[in-house]
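Here subunit A shows up in two complexes: once beside subunit B, once beside subunit C.
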Partner chain A sequence: MPNIELRNVTKTFDEGKVLAVDDISLQISDGDYVFLLGPSGCGKTTTLRIIAGLEEPTKGEVLIDGKNVKGIPPEDRDMGFIFQNFEIFQNMTVWENVTFGLEMRGFEESYIIKKAEEALSIVDLLKYSEEFPSIFGNPGLQKLGIARAIATGAKILIMDEPLGSLDPKVSKVFRHELRNLIKDLGLTAIHVTHNQEEALAIADKIIVMRAGKILQMGSPYNLYEKPESIFTANFLGETNFLQGFILKLLEDNKMVVWIRLGGPKITCGNNDGFNLDDNVIIAFRYEDVYLFPRNYPFEKSQYDWKDMEFFEAKLESSRFIGATKRFYLKLDSGDSFVSIKPGYYEENYSVGEYLKIAIHRKDIHIFNAPDDLEKELSLM
Partner chain B sequence: MVNIELKNVDKSFRDLRALDKINLRIKDKEYFIILGPTGAGKTTLLKVIAGLVKQDKGKILFDGKDVSELTPAERNLGFMFENYALFPHMNIYDNIAYSSRVHARNPKQTKKIVDQVLMMTLLTGRNDSLPEEMSGGMKQRVALCRALMNLEQSKLLILDEPLKALDAGLRMSLRRELLLMAKSSQLQLTVIHITNEEEEAMMLADRIAVMNEGKIIQVGTPYEIYYQPRNLFVANFMSEINYFEGKYIHESPEIWNIHKESNKGDKLFSEIQEKSIAVPIDIGASSIFAGYANKNLFKKIQQNEDLLLIVRSNHMKIRLGNRIDQKKNALFGKIIRRKFMGVFYRFEVLVNINDSDKNIIVTIPASTEIHNKFREGIKVTVYFPKELGIIFKHPGKEVIREVLKLE
Partner chain C sequence: MKEEYELESKNEPNLPLTLKVDRFFSKPIYRKALDTITILFFVLVIIGPIINIFSTIFLNIPSIYHDVFNDELIGNLKWLNIINSLGISFSIAAIAVGIDILIAFPMAIILTRYNFRGKKFLDALVDLPMAVPTSALGFSVLLFWNLFGINPGMELIILGHIVFTFPYIVRNLKIVLEKADVLYEDAARTLGASGITVFRTITLPLMKEGLIAGSILAFTRSLGETGATLILSGLVETAPILIVGFRRQLQLPSASLLAGILISISLCLLFSIKFLSRRGSFSISKIYPKFERLLSRKTLRHIRDLLIIIVLLFIILIPSFYIITQIARGNLISELFLAKDYKWVYLYTSFMSSIQIGSLAVLINLVFGIPFAFIITKRKWGKFITFLDTILDIPIAIPSAALGFAIFLFWGPAGIGLFQPGFFMILFVHITFTFPYMVRPIIGVLESSDKGVEEAARTLGASNLTVFRKITFPSIKQGIIAGGIMVFTRSLGETGATIVVMGNIRTIPVLIVDWVEANYLASAIFASTIIIIFSAALIFALRTVSKRRV
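Take a look at the complex of A and B:
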């Protein structure tokens, strides 16, 4: 059963001048569908190539099932490879594409036939065995790539932007097929992407990388609900950021943050590690912003409001985008933020109207303010 | 003023019909999106409007005047490409001023216009930065500035997948910036923007034209395209859908009891509903289902005619247990997969209709926390309000396979 472990892995290129991967350690358990996620140049592809044996680490160790795999070539690591550009042999039939690798490894014919039939049935392409790949669009080509990878009996799938060449519409449906297939076969899979939405949608575990380092790893839910940095909060999902400073530290471990330029005073958080007057950023997801009419009778409602923060903002505009509706709001102090609601949300608000904003305290995250928030958010 | 009209425009490349009888009107100051998959003909359409490709047949009118014989420069429009095409060795000012040099404007006049566009795009004071020092967002604004330099009299901006190369987070914020810029009182641009992302189209467009295989399938507001798609292709392109095949049955009193559940307060949605009629359909489940069909598309309908019912995954609702309410469009099943996706949870629910298994996709907002009750293996009822069911005449099994296929 494949467990993969990286211990203090560093990779430099160009005689040490370029630091691609900077002392990272991680563990991937058997049967996990893991994503390496980050903007271009973050080191995710180099990390994948190190796991696959396509690069040797400059420092550190790669262990598969507890065994150091230094010097073991990719073809002997029990891995199947799936590429963004499919790498399908156009001059071979569908069947030959799948059997080629098995023949090269010198398996017996009966075994090859059995494995190829199994793999092609799994991706539902067996009926096209005698055809050439040119009959397929991109999803078909990638299914063939998957069949080829699983026919070898590999227990680990290594995937470099496997959905990157598909039309966005197709990719949004196909990604669920890909996940279902991997889970049904019980494979361990490592998937590199820069697409955060794709990672959230189908990963068991996400490893967020930036500038050669791992910033955070965990389930999509944990990363989404408990981002440990402004970068992660911004990169996964859509988040509002407001700048302010700590006005008061409270006895119940909470604190009061005063949003800059005379904005609202917001009570939130866990004040461990924060000091009075610290400049901070408060962050909250678009979908965690609830909207009410200014005169909403909260006292008559049965709901318990005590863990919510309230303030007012002006509705600047709203936009229907299908599954969701976006409300663009502005504080009198000048900062803007966004609320999203389901697309069939009953909207009776007019542009220019002041609304009561409610946010659950548990949904407010607090970070130390960086020198330049805009730069931090631009993902450079 | 820029009103654009295309009349019966055809364009072929050898055997490939890239544009097939395109008729289109784009209004002054409109943000107009052309949406479709790769190979739909979007870029060809854009190039024909810009004058970079000449149509085989048909007319292109700008404010009523035929521009078919005019060069791109004479059409007086700004063009921004997917990769921005900035000169890497030139700073912001020179990149933007370059076209002025080509047009041989005097330096003083050039500086005045450059300063103006820099101010509009909030880049004032950044003149000396080189492209490599800029974030994706800044590069986009510089490219946009350059496109704006060409807009002397007319105010037509043409954007070829302008956000495609960017990371998701940045793309989202730049969409908003783009829209604010286009609609700003100084600019008030007419924009034609092509994309293959439905969400981008919905976020920006005043109106959307959905294209496929060289044809325009539907033109409408985001609401119309989403709630009243013209056919299965458009319905499917805008989101993940569930579909059910069935037959029309004569008006059954029971469908009128399916309560209105949604959108009472949404004026735009109500307007669309007024153009629709409720249609009962027998999909082989234990009760009769109902959805809405466009009145115009649904004039002559025969008893037992084959129909298709579409329900978007985010319009499907889910509740515990198997109390099937006869008044609801409801099916009983079991959750087989559950996945957190950020804003939404996505469920696959296995149901049985007419002795065959079917997976129903349901997405619900993750922030409501009711999702905690819905675990894999749990028995549930999935249902939808009839206002959110979309009914078409059955297009034939071949078409369904073609539209939904993943091969």
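Take a look at the complex of A and C:
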């Protein structure tokens, strides 16, 4: 069964002037639904096209089932490809679109009919067989694109922003149907997107890319809970970043970080690899910030407060956004951060009020401070 | 680990024959072979003759010097003739293009920014003189202005050249105007700019590229025109006519020198299009709000529009087609059909030669033009592609009489010796100068055609050739047909190069020149009318096929 491996693959364009993919290696095992996730221009689409044979790597090798596929043109790689812009053949009917790949493989007539009917019924388009694709809107076109790609029976499905041209609401429903279909057919699937929410929602495994390199790979849960870089922490989910330095290294492997310009002192983390006075970035998710009235009596509450860090901040403003509420807070040192609560969250704090902020120590991530935080946080 | 990746699901032996053939010939080696043959064709047919003429000049410096500059009897009279003819050609081209620009600006705006009934028809009428053989057009212009007592000479040449160069400028201006977003103009108006101010500060800079490209194209057309000029020139000798004259008198050294000079000038013009249209910009900073607001008033605009329509009618359209009203001249029957020299047979054979040469040129250019367009758009050969793309336009830029002479020298008895002047040499010349007309539209549709669909087909298992047959070809068919019709009309209307290489064969435009020179006016009118109607039908066919007016 198919598994895909990339070994030290590099791809340059324009005679080496543009480095699109920079020495990446990865493995995708049989039956996995893998996402290549990253901002535009990070090399994810190029990586995908290299796997499909639409680009040849400048260096390195691609192995499918352990066999080097160098020089094998896309038509002989037996993969289904789904495009962002559908790339439906407008001069052919729905039926002709779906049978195209089957005809190319020289199957018998009866087998072609059986397979095409199967594929069309999976996406619920069988009744439109004789129509031309111009009758469809974007969702219909992409369904046809999917039917066309899976009809051939290819075991590897490659998708380049398959939901990118659908409007957000449609795409949210569509993505679960897509996942179910892939799992039902037992396909090995690679899906490129810049939409982190989409990746978190349906991936088995996510590969985060940036500037031609792989930053981190793992399950959605792992990536979300244990981001290994400021970029990943920022790109997946919504995260606060505060700058500080290490004030003290404690004996129980923890350390004290002092938020810059006289902010709170926060005890947290695992001090391996950090030194006294190092500049660091503290990161915590919006939803991990708990809010309490200033004088809340923790000692008497049921909260497990011993593993929490407390400090105070002023409420600047709050917004109600349907399912959630957002609280914009400011430290006396001037740094701002955000807390996110369910829409039904009932505490009515008033603007300008000082609140007690609580965060679980396990939810606080510490990174070495980069030279340029803005650049690190930019999505390029 | 370099094992071959084998396919399990693909059942090759069961593939239908066509797909098998496609797969077989999709191997890179065949693609490379086709690329090589195409480039070879391009070099031999297009570049060879031009390089050859320069080397011929270089190798024959002594005889050219002797003939042109230091003849025993006439001294350097021929050189003076050459210089004089170049001066005349340049002045005619400059004046014609200057007048063209004046008319073309408002015309292009009317055709792109206004909406009125009959706009498409007007658009077609404006394009028409481009498709009609210039000798027929020139003859019509001659007959029309004769009514007002204007005789062959400089004025008439200029009037004739305006007629057939004008569409090139309008068309190029129209292309950029259609591309330029009206929203810019709207934005300027909401900011308080009056019509004329908007035109001057917003629209004009956007039109720069089209203006330069159109003007240089019109300029080279005028510079190289032979057919109409022969009819309209009287005693005036333009450079192409001098080449034809030298060739007729078999003064090959003088002809090669003049052809070489004309080709060099045209190449300079061509390369300056390519550079100028990319660089530089008008900088327009001064605004005269009150004055321009006054000029933008509705009444003035109506007067301007009316003027332009009148000019279009009396300078371009009526002179172009006046000839059709003259078809019933009294002595037509006796001259064409009853005279003992069987002119009608001659007319018939010339017509057939024209059609045969045109069709063969289309066919051969199709065979080499499609792969060439693919090379330009798909191969990633970097600067070499830019180079090919630039020199592709050479045959359009250089005067056809000079090109014809270069081909005569290269392939004819004086060079490789493959052809004698006659049918095949005419065909060869026509293949050469129509090649870009075939390739350009195909490049256009290939560039705008959707690359993604082709990739989709490949991921579904279609080989390169299958993708071409099933996906690419249907989407570029229009461009191919447009190119084909363009090649055919060009070939049908060409005079200068044909005269140089024709031997005993006649094509229609040459026949018209011959008959006008021999004063068989009724027959010439008849031949002109036939060819004008024929070309008009073709150009309307072209416009229905391609809405983009390639």
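The rule is simple: the second predicted complex is superposed on the first by the 378 of 380 C-alpha atoms of A that agree within 3 Å, B and C clash if a C-alpha of one lies under 4 Å from a C-alpha of the other, contacts with A are read in each partner's own complex, and residues count from 1 in each chain.
The rule we apply is simple: contacts are C-beta pairs under 8 Å (C-beta built on N, C-alpha and C of every residue); 3 or more make two chains touch, one makes a residue touch a chain.
Nothing here was measured: the structure is a model prediction, and the numbers come from that model.
S.K.: Which partner does A:N85 contact after superposing on A: first (subunit B), second (subunit C), both, neither?
M.R.: Only subunit C; A:N85 stays clear of subunit B.
S.K.: State whether subunit B or subunit C is in contact with more residues of subunit A in the superposed arrangement.
M.R.: B
S.K.: Return first, second, both or neither, reflecting whether A:H194 touches subunit B, subunit C, both chains, or no partner chain.
M.R.: Touch partner of A:H194: subunit B, not subunit C.
S.K.: So in the superposed three-chain picture, is A:T267 touching just subunit B, just subunit C, both, or none of them (first/second/both/neither)?
M.R.: neither
S.K.: Contacts for A:Q243 in the overlay, against subunit B (first) and subunit C (second): which applies, first, second, both or neither?
M.R.: neither
S.K.: Who does A:K67 touch here: subunit B (first), subunit C (second), both, or neither?
M.R.: second
S.K.: With both complexes superposed on chain A, which partner does A:E177 reach: first (subunit B), second (subunit C), both or neither?
M.R.: first
S.K.: Output the subunit A positions appearing in both contact lists, the one against subunit B and the one against subunit C.
M.R.: Correct list for subunit A: none, the interfaces share no residue.
S.K.: Under the touch definition given earlier, write down the residues of subunit A that touch subunit C in their complex.
M.R.: That would be residues 15, 52, 54, 63-70, 72-81, 83, 85, 87-91, 100-101, 103-108, 145, 148-149, 152-154, 158 of subunit A.
S.K.: Show which residues of subunit C lie in contact with subunit A when the two form their complex.
M.R.: Residues 1-16, 19, 26, 382, 450, 452-453, 455-464, 466, 470-471, 474-475 of subunit C touch subunit A in their complex.
S.K.: Spell out the residues on subunit A that touch subunit B in their complex, using ranges where they run on.
M.R.: Those residues of subunit A that touch subunit B are 39-40, 125, 128, 136-137, 139-140, 143, 167-170, 172-174, 176-177, 179-180, 194-197, 200-202, 219-221, 224, 234-238, 285-288, 319-324, 326, 328, 340, 342-348, 375, 377-380.
S.K.: Show me the residue ranges of subunit B that touch subunit A in the complex, using the header's touch definition.
M.R.: Contact set of subunit B toward subunit A: 37-38, 135-137, 167-170, 172, 176, 196-199, 202-203, 222-223, 226, 236-240, 262-266, 268-269, 312, 314-315, 337, 339-344, 346, 363, 365-367, 388, 406-407.
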